[in-house]
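Paired with chain B in one complex and with chain C in the other, chain A is shared by the two complexes that follow.
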Partner chain A sequence: MRRGKLIDLARPSRQHWLGYILLAPAVILVAAIIVYPLIISIDLSFQDVKLPRMGAPRKPFTLENYQKLFSSPEFWQTCWVTLKLVVVVTIACLAVGLGTALLVNNRFRGRRLARLAVALPWAVPEVIATVIFAWIFDSSFGLMGWIFIKLGLANQMVAWFSDTTAAFWVVATTMVWKGYPFVSIMTLAGLQSIPEDFYNAAKVDGANAFQRLRWITIPSLMPVLGVTMVLVTLWVFRDFSIIKVLTDGGPLKATQTLSIMTYNEAFGFFKFGYASAVGVITLLLCVVASMAMLGRGSKAMY
Partner chain B sequence: MKRTTSQNIALYAGVVAVCAFLLFPIYWLVVTALATSAELSQLPPTFWPESPQWETFTKVWAERPIPLWLLNSTLAALGSVALSMFVSVLAGYSLSRFSVRGGHSLGLFILTAKMLPATLLVIPLFSIFRSVGLIGSLWSLVIAHSTLIIPFTTWMMKGYFDTIPRELEQAAMVDGCSPLSAMVRVILPIATPGLAATALYAFVLSWADYAYARTFLTNEQGSWTANLGITTMKGEYVTDWNEIAAAAVFIAVPIIVIYLFLERYLVGGLTAGAEK
Partner chain C sequence: MASISIQNVHKSYGALNVLKEFSLEIEDGEFVVLVGPSGCGKSTMLKILAGLEPASGGRILIGGRDVTDLAPGDRDIAMVFQNYALYPHLTVRDNIGFGLKMRGVPAAEIRRRVDEAARILAVEHLLDRRPKQLSGGQRQRVALGRAIVREPQAFLMDEPLSNLDAKLRVHMRAEISALHKRIGVTTIYVTHDQIEAMTMADRVVIMKDGVIQQIADPDTLFQKPKNLFVASFIGSPGMNFLAAAPANGAAIRLFGKEVPVNVNADRLMQAHSNGGIVAGIRPEYISTDGGGTEFIVRPSLIESLGSEKYVYFDAGEHTFSGLNDEEARKGLIARLAHSSPLAEGQELKLSFDPARLHLFEGKSGEALN
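Entry: the complex of A and B
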C-alpha cells in the first residue's frame, strides 16, 4: 500500500522531520532575542554593574542588589503605587468595558457603527492618548481645570502634575481610557457565544431584564472576564509609555510603578544590575499574580 | 421582543451619549489641531474653532520631520512584521499539525513570553546592541519589536491553522503533493485572510512601541520613530499644542484605518492562546 509513504496528518502521532524544520527558525530566533537576553538580565541582577560591556569579565556573584532593593523604602512605595494603579485601573476598565459592551450589544440600527466607535480608543497609540490627556489636564489652559472651576470643585486652575494624588488619578484616567476598549471587544465576543435560547427560556419563566443579566449574562461571561482581567492587570503592571510620557513617575514618585523604576534605574542612573533586579521581581510578580488570579483554572490561559 | 418607542429613544440616547463621552478626547485632539494659538491660550476653551486652521497640518508636515518619522516607524514595523511572520507562520503550522517532541512546551514558553516586561528586556538588549553597534539603527527596533510580536503571532497563526481541516492536506498528498508543498500550495492560500489579519495586528504592536525606540534611538532626530518624535515636541520651550495635536493626528490615522479593517478579526488577536 502506498499509504506508508504519506504522513497522515490526522493521526494522533504525527512526528515528522518537517515538523521540526518548521519549528526551527522560531526556536533559534526566540532563543537569540528572548531567552538569551532574559538570561543576561537575570545574571546582571546578581552582579554589581553600572553600565555593562558585553565581553567584559563577569563581576562576582552578589545578592547585594536584592538586599538593597528589599530594604529600600522607595521599592515598597513603588510596589504600593503599582498595586493601587492595577486595582483601580483594572476595576474601572472592567466596569466601563462591560457597560459599553452590554449597551451596544442591544439590537438597533447603526449597531455595527456603535460597536466600532465604542472601542475606537483601542486604535489610538498609547503615546498619542497620553499627549491628548496631557493637554486636557494642562495646568494653564487645560479643559479639565476649567471644568473643575465651572463645577465649583476648584477656585483656580489645578496644577494636576505637581500634586501627588491628582497626578495618580490623571494617570489612572488615561490608562482607563486606553484600556477599557479591550474589555469591550472581549466582552462583545463573549456575548456572541451565549445561546439566544437561554434568554427565551428565561423570558418564558418571567425573568425581568435585570434577572436575565444577573443569572444568564454575567455567569456566561465569567470565563471571558477572568482571562480579560488577567490580561488587563498584566498590561497595567508592565505599561511604560503612558506613565513615562505623562509624569515620568513623579511628583515625588507618586506615580512610579515597578516598570518605570526598572527603566529609570537603568537608563536614568545607569545602575543596570540594580535595575535588572527590579525587573526580575516585576516579572516574578506578573507570573505569580496571573497564576493566583486564574487559580486552578490557570490552564485556561493556554 | 419588541421595544416600545420610548425604550428605543432611551437606547439611542444612551448609545449616543456614551460614545460622545468616550470619544470626546479624540474630538478634542482634532479641535486642538484646528484651533489658533490664541484660542488655545484662553479660557473658556474653544469647543468649536471659528476658523479651522487646516494649514497647521501642512505646516507641521513641512517643518517637522514628521514624514521621516512616519517612514521610520513604517520601516521598523515592516521589518519586524516580516521577520516575525516568517517564523510564526512556520511555527504555527508545525504546532497545529505536527506533534513534535518539545513542541508543546515551546508553545507554552512563547505564550509565557507575553508576560515579559519590556522594561526588563530592554536592559540586556541595550547591552547587546551597544556591543554590536546597532544603537541608533532601525535594525535594533526590528529585533526588539519581534520580541513583542512573536508571542502573539505564533499563537494567532496556530489558531487559524487549527480551523482549517486536515483533510485538505491529505487530499493534496494523495494527489502527489509532498507535505511541504501541501502546506505552501494548499493551506497558505486558504489561510491568507488570517495571515493578513495577523500581520496587521503585528504592525499595530510595532507601531505602538515607545520604550525600545526611546532607548535605542537617542542619537539624532532623523532616526526617530513617530512615537518618539512626538514626545520631544512636548515642552521643548513653549508647547505648541496645536502643532502636537496635528502631528498626533498624522500618527494615529494609520492605526485607526487598520483598526477599521481589522475589527472583525481583532478578537482572534487579543485572545490568541488565551482560550482553548
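Entry: the complex of A and C
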C-alpha cells in the first residue's frame, strides 16, 4: 500500500528536485543583487538619466550616452590606463606569486612562518593596506622618499602623487602587494598536486633545476595559472578602493580606471545614464577578456 | 651496460635505521629483483642507487665508476616508476624523448631513437597521443620506452607492474623479461610480489626490515630457503609450518610418527631448546598417493581452482604461531591435483615425502637443512 506522502523527494523520478530546492536560495539572491541591478543598469545606459528615482517615468530610448562615450578622449584615456594597469599588475602578480610559491614550497626550517608571511597581505583589508601605502609614499615624510634619498636616487622628497608616471606606478605597486598572495596560495596548491615522481623521473633523465621548472612545473601549473590569471585580471578591472583612496584617479586622470570613471560619473557628476554606459562597456570588456583567457587556458589543460 | 657494485650501503633517518649494511655485486646484464614486504627498504635502496636519496654510508659503483655522490642525471641510469611518471602535457613522442632532449641531443637523432624505441615496444601508432589517451598497458610500454631510448648503463624499475590489473600484469611481466633478453641491459627491479621475483629474476634479493635475508636464484630460494621468513615469503600458497618435537636420533616426531630427517640429533636437540623445531612442507608436496609419512586429516575447507584443489586442515597439536596469528589461524594447506570428490569434514589420508621437509630453528628462524 502506498503511503500518501505529499512530496517524496526520495523517489528516483524526483531526484533532481532536491538539487533545485537547495540551489534556489542562492539563485534568488544572485538574481536579486546582481542580475536585477545589471538589467537596470543596461536599461539606464540607453536613457538620458541624471539621477534615477524609483517609480519615475521611463525616459525615451537614446544612444547618446554611447555616442558621447566613444567620442570622448577621457574615455579612451581611461581605457588605456585600465589596460596598462591590468597588464602590469597581472604580470607582476603572477611573477611575484609564482616566485614566492616556489620558495615556500621548498623544505626548510620555518616554512610555516614563511608561508604565513607570504599570505599575510591577503588578510590585510584593502583600505588599510592602501592607507599604509599612502603613508609610505607620502610626499613630505614618506618612507619611500627617504629610501630614495638615502640610496641617492633623489636629492629631495619625491612628490609621488603629483607626477602622472609616478602615481601610476605607486598604484600598480600597491595592487601587486595586495594581489600577489592570491596567486601564491593558488600556485602553492597547484605545486603540491604535482607528483613527486615527475621530478624524480626528470632528475634521472638529467634535467637541471631550470629545465624542471620550464618543462614540468610551469606546464603542470598551467590550468591553475590560467584560472588565476583570469581572476587577477578581473580583480584589477573592478578594483575600486585602492585607487579611490590612494589617488582618486588623479593626477590629471592618470590613474583613472573604468571603475573609478563609472563612480565619478555617477556619484560625482550625477550622470547615471552615462555612468551606466561606462559600466556596461566595462562588463563587455571583462567578458571578452576572460573568455579569451579561459579559452587559452582550457586548451592548455590536458 | 655495466656491472653494479653496492658496498656496505646503509640508510638512517635520525635514529630510524631503514636499511642495514647492504652489499651486492651485480654482473653486467643481470636481472636482479629486490623483493620483500612493504617497509623492508627495497625502494629506499633503489632510490639510493638512482641518486634520488643520499645514502648514510657506503659506496656504489656503476661500471667501475664511483657514483655514490653523483647527481641522478650523471649516473647514466634510467628508471621506471610505479605510476609511470609520464608527463600529461607532452605527447608520447616527447615523453619518450624527454631525457635525450634534456641532454641536448640533436632533434633528428632524438627522432630516430624514439622511433626505434617505439618500434621495439610496439607503440609507434601512439606517438602523437597524450598519456591520458592511453590504456594502462600502453602507458607502461611508454614508460619503458623512455628508459630504453636513453641506452643507459642500467635500468631501475620500481614496482612497474603494480598499477596493472592481474591479467595485464602477467602479460607485461613476460614482455619485460623478453625486453631484457633482447637488449641485455643490467636491470634492478623492485617488487613486493614474489611471483614477479620468481618468474623474472636471474637472482632474487629477499629483504625484511632493512636486512637482506637471502640472495639466490629463484630455484635455490624455493628449494633451499635460508630461514623461516624466506620459506614463508616464497611460494603460493605459502609453506606449511608445523611445530615438531625431536625423536630418537636424526628424526622428528610428526603426526604421531617418527620422521627421519637429514639433520643430526645434536643439532635437533639444540634447536629444540632454542625456540623449538619448526618443520616446513610446501602444499604442493602433500599428496593423496600414499607412501612416505602418512597422516589422516578432516579438511575444514576445500577450494577448487578447476585444475587443482586447495585442502585446508587444522594442524592440531603441531600448530605453529611463530610467524603471525593470521598464518596460524588459516591452518595447513595441501594442493592436490586430485579430481575425485572430496568433502569437508570427511576423513582424508594425506602423505608427504620426508625428504621434502624443511627444518628451522624456532627462535632464530634459521634453516637446519
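Methods note: the second predicted complex is superposed on the first by the 278 of 302 C-alpha atoms of A that agree within 3 Å, B and C clash if a C-alpha of one lies under 4 Å from a C-alpha of the other, contacts with A are read in each partner's own complex, and residues count from 1 in each chain.
Convention: a contact is a pair of C-beta atoms (placed from the backbone, for glycine too) under 8 Å apart; a residue touches a chain by one contact, two chains touch by 3 or more.
Values in this document were obtained by computation on a predicted structure and should not be read as measured data.
Asks: Given the superposition on chain A, are chain B and chain C in a clash or a fit?
Replies: fit
Asks: Applying the document's definition of touch, where does A:Met222 land relative to chain B and chain C: first, second, both, or neither?
Replies: second
Asks: Between chain B and chain C, whom does A:Ala26 touch in the aligned arrangement: first, second, both, or neither?
Replies: So A:Ala26 only meets chain B here.
Asks: For A:Lys203, select first, second, both or neither according to whether it touches chain B, chain C, the two together, or no partner.
Replies: A:Lys203 sits against chain B and chain C alike.
Asks: Should A:Pro195 be classified as contacting the first partner (chain B), the second (chain C), both, or neither?
Replies: A:Pro195: touches chain C, not chain B.
Asks: In this superposition, which partner touches a larger number of chain A residues, chain B or chain C?
Replies: If we count touched residues of chain A for both partners, the winner is B.
Asks: Taking the superposition as given, does A:Val287 touch the first partner, chain B, the second, chain C, both, or neither?
Replies: first
Asks: Write the angle, vertex at the C-alpha centre of chain A, between the C-alpha centres of chain B and chain C, to the nearest 10 degrees.
Replies: 80
Asks: After the superposition, what is the least C-alpha distance between chain B and chain C in whole angstrom?
Replies: So the smallest C-alpha to C-alpha spacing between these two chains is 5 Å.
Asks: Could you pull out which residues of chain A sit against chain B in one structure and against chain C in the other?
Replies: Touching chain B in the first complex and chain C in the second, residues 203, 300, 302 of chain A appear in both lists.
Asks: What does chain B use to touch chain A in their complex?
Replies: Result: residues 1, 8, 11-12, 14-15, 18-19, 22-23, 25-26, 28-29, 32, 40-45, 83, 86-88, 90-91, 93-95, 97-101, 103, 106, 108-128, 130-132, 143-144, 146-147, 150, 154, 166-167, 169-170, 173-174, 179-180, 204, 207-208, 210-211, 214-215, 227, 230-231, 234, 241, 244-245, 248, 251-252, 255-256, 258-260, 263, 266-267, 270-271, 273-276 of chain B touch chain A.
Asks: Considering only the defined contacts, which chain A positions touch chain B in the complex?
Replies: Spelled out, the residues of chain A in touch with chain B are 6-10, 12-16, 18-20, 22-23, 25-27, 29-30, 33-34, 36-38, 40-41, 44, 52-55, 96, 99-100, 103-104, 106, 108, 110, 114-129, 131-136, 138, 140-141, 143, 146, 177, 180, 182, 185-186, 188-189, 203, 223, 227, 231, 234, 237-238, 240-241, 244-245, 258-260, 262-263, 266-267, 272, 275-276, 279-280, 282-283, 286-287, 290, 300-302.
Asks: Taking the touch rule as given, give the residues of chain C at its contact with chain A in the complex, in rising order.
Replies: My answer: residues 50-52, 71-74, 77-79, 81-83, 85, 87-90, 98-99, 102-103, 130, 132, 146, 150, 156.
Asks: Could you list, by residue number, the parts of chain A that touch chain C in their complex?
Replies: On the chain A side, the touching residues are 195, 197-198, 200-208, 211, 215-216, 219-220, 222, 300, 302.
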